[in-house]
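Shown below is the structure under consideration.
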Amino acid sequence: MAKIVGILNTSHVPAIGKAIHQNLQQDPYWKPFFDGFPPIRAWLDRVKPDIVVSCFNDHGLNFFLDKQPTFAIGAAPEYRSEDEGWGIPTMPSFPGAEDLSWHIRDRLIRDEFDMVTCQEMLVDHAFTLPMALLWPEQKWPVRSVPVCVNTVLFPLPSARRCYKLGEAIGRAIAAFPEDAKVLVIGSGGLSHQLEGERAGFINKEFDLKFMDSMVNDPQWATQFSDVDLVEQAGNEGVELLSWLIARGTVAGAVKVVHSNFHIPISNTAAATMLLEPV
Amino acid sequence: MAKIVGILNTSHVPAIGKAIHQNLQQDPYWKPFFDGFPPIRAWLDRVKPDIVVSCFNDHGLNFFLDKQPTFAIGAAPEYRSEDEGWGIPTMPSFPGAEDLSWHIRDRLIRDEFDMVTCQEMLVDHAFTLPMALLWPEQKWPVRSVPVCVNTVLFPLPSARRCYKLGEAIGRAIAAFPEDAKVLVIGSGGLSHQLEGERAGFINKEFDLKFMDSMVNDPQWATQFSDVDLVEQAGNEGVELLSWLIARGTVAGAVKVVHSNFHIPISNTAAATMLLEPV
Amino acid sequence: MTARQQKRTIPGAPIFDSDAAREGYALNKMCYSFNSKANRDAFVSDERAYCQQFGLNQEQTRAILERDVLSLIRAGGGVYFLGKLAGGVLGLDMQDIGALQTGMSKEEFKAKLVAAGK
Amino acid sequence: MTARQQKRTIPGAPIFDSDAAREGYALNKMCYSFNSKANRDAFVSDERAYCQQFGLNQEQTRAILERDVLSLIRAGGGVYFLGKLAGGVLGLDMQDIGALQTGMSKEEFKAKLVAAGK
């Protein structure tokens, strides 16, 4: 039977892609962020997940406002990264975990989540950067299931709805008949705001409380509306919805394997948390 | 305030588009179907709806399996019909009821329906044929809100989920601050099956029971799973899900203004029902 | 693929589910392209080449060339997509398709439909 | 448009909601096209013509030509789409954009970010 072996939540920022490309991991600006990953890679070497279920938000690569999903799931044999207009180099394509994708998709529809099913999907930096941070050689030892949440067009799915989606994904994974170790990724946040007169807004206190809640009160953030989240975490801080989906997949308690928090990377409070079910 | 003045449920079949194009309304084969509409047009002349909310299923024109929604809603200034590969002539474009579209869309997201929002949408015969049957001049005196349900890829949204979507749309319409008379259309069914060794399957008894349930037991069909519906109504009979969405928009009782049922049109049990809230 | 769970089946009523969608993706994508006349014409001018261009496998290509509708469905074709081939490219109506699949003559198939209304 | 309902607003934090999406569709569609290098090059070679091709209105076109980010947002631009213009076409980084919008120098803006971590 499939089993969730860990949850890896992390920020993503296009600039990280360029820093990887330019080998700036030891540069004083970047080091505090990249130093969060060697302990996580040591954990990966030990635990060796087979499949990644990655929860993230598309930034206008695979989806546009002509057909803007609320929730979408990939069910494709592979996922390509592509020019997304930010100058981030593309990566080798990502093999899909098709059996698990379809299994989750079918269960989610039956659980009254109105998923968009994607037999082709381009994945942008929100999907690709966590992968490159976990496996810097960019030879993917895992197959993937991308799960995409709308953070573009308000109203967004509520934090509570996202958590419930995570719970449903968790139930589906637990019911998957194949032996597989699944790592769930949540990609986005934490506090940042790119636009408007308040551009550059960061809320360290909120972020630390949110990170703490992942362990001690996982549904804490579901009290907030989408606009509440903008107020607290900045317009793009709402990407923490992906963390909530990811956290929702594990019903019980989790412990922190490794955690890192650094302000700023680009305009963003950059956080990384590896959690393990206990 | 906006008010639902009627529900018009009808079958759609590509062949109807060709019959309209060839002026076959009085042909003995077609007459029993087209004769269902003059009483409905008399009602339209009297009631004069301002806006149509049309619930239907796309047959692979606007959507493909690369991005297959469960539920989608249009929010565009106009909707074009286009070559859909069946040889049906296109029609003049349909003006969108943008204010109502966005209003419904926003409410549905807050009600935990994971809609796809479409700022552009091509509409196929499932949308266009009921319009042409109601307004044969093809000068549309109404603005439209298209609501699209997946009947392509199983599992489909359950009959219960569709009914609940209808209820949520009904609540949204009731809360719309503009004075507007809304006609809700449900387009699809009734029993038919195009594929497989059982092609040509029609179930008159089920259809009559289903039509009766629209008035006397509107949630009757929500007991059936998608595969139950295939068994009862044939593979494409599942398109009756659009009738359930439409019926769900009116919480109270309805009465039949006019009803028509004829077997066969093409491979389909062709039904038309105009319902009025009481 | 893992062993499929026992699925409920309806005799003679093939369900376009996840397994079918997965197997038939290339076939359905080709049929989806028939929304455009240019593509329909390209298909007609060289059917086999067009199938190759969309990556259809051997069995799907054979079934296309032989108008073997039941095989196309078994190979993952969805009827809403196959319909664009049948109707828009081959000029068949739904009674032709029904007859092809049931082994009836077209007249027999039409009589069956009429009988369903009695 | 009907009178908008009272919306909750956060000072300095424009929300990309239904009203914005509706007003900004052409602008966002243009920015979405910048996923392709050919389109970015076409824009650079004649910015005004490219705006026209996508049906931008006068104010949107002006704001594009003048790199007036705040106006682009007020005219319905979504930041995930505008970012493709700023980053991929104009070569600005997010601190440049932040400085442009807040009236700070880039160094001041960066200092503000660093201060948020203390």
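A few notes on this one:
Going in written order, the chains are labelled A, B, C and D, and every chain counts its residues from 1.
Everything that follows uses one rule, which is that a residue touches a chain if its C-beta (ideal position, glycine included) is under 8 Å from a C-beta of that chain, and two chains touch if they have at least 3 such contacts.
Computed from a predicted structure; not experimentally measured.
Among the other chains, the CA centroid farthest from that of chain C is the one of D.
Per-chain CA centroids place chain C at a distance of 46 Å from chain D. If you average the Cα atoms of chain A and of chain B, the two centres end up 38 Å apart. Inter-chain centre distance (chain B to chain C, centres taken as mean C-alpha positions): 25 Å.
Of all residues in chain C, those touching 2 or more other chains are 17-18, 21, 25, listed in ascending order. Annotation for chain A: residues touching 2 or more other chains are 65-66, 106, 117, 119, 153, 155. Interface note: chains touch in the pairs A-B, A-C, A-D, B-C, B-D.
Within the complex formed with chain A, the residues of chain B that make contact are 63, 65-72, 106, 109-110, 112-121, 153, 155-158, 161. Residues of chain C that touch chain A in their complex: 1-3, 5, 17-19, 21-22, 25.
Touching chain C in their complex are the following residues of chain B: 14-15, 59-61, 64-66, 82-87, 152-155, 193-204, 227, 230-231, 234-236, 262-264, 266-267, 269. Taken in their complex, chain D has these residues touching chain A: 8, 10-18, 21, 25, 28-29, 31-32, 34-37, 40, 69-70, 73, 78-84, 87-89, 93-95, 97-98, 101-102, 109, 112-114, 116-117.
Those residues of chain B that touch chain D in the shared complex are 75, 98-99, 102, 105-106, 117, 119, 177-178.
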